[in-house]
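See below for the structure under consideration.
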């Protein structure tokens, strides 16, 4: 299992946790609450990542893989739930898309670029990349078909949209589970990366405690963040789309992202791919579908109908990453191309206020 | 040439042939005629398949390949012609799409899953899969461009749509013929699968006789089927789209489908691919274009303009199958993913009544 | 660097240069001016190609590659600029699309077909083909995203469209430059084709002189061509779309195209790919984006928003070429399939007058 320990520590930002609490209690300015809680989430997400890995080292690779696969995007999930409670469905959807795009293009691109500047060519397990590519192609199918359903049948009732969304979400979650069984049980052999035996530095109790504690604090910070979102983005002059596509994915993933880049620089591209593409497929096949069901539970239903723009962006990213990663090798140009694709999308999204269809 | 002998025989269903005839003669209930004729086609299609193979064993691989390539989907072609005579153009188109999707996703998926549960990894001729993938990409081109033409020029006259359709259909048929020349003549060497010499068990005369007889009876059953279609689907509460996309492809292909799965379980995935993908490309590059010309002859013109939904579904299936099959290996997860994609499409189609554009 | 010397010489057409000049001076019939100037450009484009190669032989492979990459499509660029000066923006865009499609499908198709009829299978550097495929996928991203932006936000102001277009164009040019650095500097080793040392037959002075002279004469002919375009296409009964998609790409590329085919027949498919795919990526990542900026300079702004039809055609061609070229081998069937795809597109475009969206 990847060790995602982060060298350039963001831990000092933890000092913002009490600051955010005080600001909230004294009813401080919304913008200050927004910024401090957002910044406080960065090291907390990193902490969740570290605790997850330490726990995984205690449980052995199989259960550890399951733990990673379940808690890998827990920060994003928590923020999304609080957004749903405020009925910010469009922002949740944008944050899911943004997270997929950010991981596939920006994180992978910066990793390949940084790694490629140090190493002429880097290689990785093409078989593993191929499983990821199939999962991404499935994710695109899961995003495109309900969108087409909504586009072609403008008379679709709320009930019909929900049924289609729930069915598609259920299939995606089942396939996510199937992929886990494949990589952790039946074909685990193929995905074993030769790596030194690593000893856990935290006790099992400490790992579990940290995981719980960090999760609770992330939840608290997320509540502050979402509560101050509307006034904050108004005073900052940002569009909701920008917040969803760019800001929230960065807050939820920054720690993970820097790990991916560091591993690429150390020529361990397999771990980079596991983090970047693995995180994308986790969002697409697990977190996003799960939110469909959670949204029903919390009484603010979110369907699985994404906008054409979002579907096209995820589809293009998938094609690009598949084309680039299929040969099991990477270099700096491929990194630059992925970053370029991200910039092209960002430029094209820039003036869009709402993703109408 | 693949031997498609079907173990779990459906031959006992042949008893329904006289039942259907009697029901039709005595003007029995439409629903009963519909169900008996539909069920009677299942073993007849299997019989056509067996007769074709036996004939192929007599004629040698080259002519045999041509026979298979021409008669492989004759059941579907016959049903389609009777549907055209009733001017059920939308159902014909849906049945073509449904047949492609069913072969690419469901049949291949069940085969990979069933084969993968018995064998850790199965391998097949990647070169052959690659030729199929190019043919599928061509098929998508042939489906998408006329659809775009119709979408962008809403003023397109009937005449213009027919000319574009006929031109595209002619190109596709020419390319289908070219692929046959390639696999059976100029590059036959590459596609030869090492297999035990097989002796025909039927005489040439018997094979030809059976082929003719079964084809005539299929035609009769198809006439009954189509004649009772409208009242039957009304009393069953099915939508026309469901009938076209799901029911008719199953009726026409069930025998073939079970063969594909059986061959995968016996670890002969090359034959499975030949049946599943080969049948899809045959529909897309030969049967569907041929129906454009037949439809003109029978006076119920069918253009080659498919709905966005259909084009997208075939396009996604092609991407998925190409991604999965390009490495010449399969496993149970890939099977599950293909089935999952089929379920996602089925769920998204479920509430759609008409494929408007 | 490829030697693109053209065997079946078109040089005798140079005699049309003075004819076109005389016709223009004496105010001859527009149609005659159009035809003579168009025909005169064919050998001039070939001359530019030869001068570029000779110059490249003097400067060594690295600078030579840069010279080829910059002057490779100079004829098309010049014609485009004159078209912009006449505000024929739609024709310029169509000519860019047509040039990409023509290179990817027609030129590559004819080359693979002609080469494959002489050689059972031809092989080429798959690594090089893979870099091209990534560049093409990027090009599709660059075409699709601004088109989606324009489609989803019908309220987009002129200013917004220009900003998005300029940003996307800048990213594409930067990535084109990056790919040059990759292939000519940092990873030049990978792209070196083993080839006999070739001596320049022209002196450096003669090469530069020819390059300048031919460029100036091409500019003159282009001015005549564009000036007589409107009346000529009217009297010939052609649509503007046909002129842009088919005629202008042929005029600008004929010399290059015949070289590509000749190299394939001589079993030097690497050079064929370099010409055909290389020229396409050059148009998509360099010439087209450059024209966005040039169009602003000359006061007839052209945005980077292409029609759905054009984006889909380029996208499909990219998928097809990627699928076909990824294995580093070609045969006559693949050639026929590419030509078939071109014919399908041509048939679907045939009745379209304007590419509205």
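Letters A, B and C name the chains as they come in the text, with residue numbers starting at 1 for each one.
Keep in mind that, in the parts below, a residue touches a chain if its C-beta (ideal position, glycine included) is under 8 Å from a C-beta of that chain, and two chains touch if they have at least 3 such contacts.
The structure presented is a predicted model; accordingly, all values stated were derived computationally and were not measured.
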Chain copies touching (chain A, chain B) - same or different residues, decided at half shared: different
Chain A onto chain C, rotation angle from CA fit, given as a multiple of 5 degrees: 120
Chain A-chain B separation of Cα centroids, rounded to whole Å: 40
Per-residue overlap in chain C, given as positions that touch at least 2 other chains: 326
Chain C contact footprint on chain A (complex, rising order): 120-121, 307-309, 312-313, 316, 319-320, 323-324, 326-327, 331-334, 336-337, 340-341, 343-345, 347-353, 355-357
Complex contacts: residues of chain A adjacent to chain B: 130-131, 133-135, 137-138, 140-142, 144-146, 148-149, 151-153, 156, 160, 163-164, 167-168, 171-172, 174-175, 178-179, 182, 186-187, 322, 326
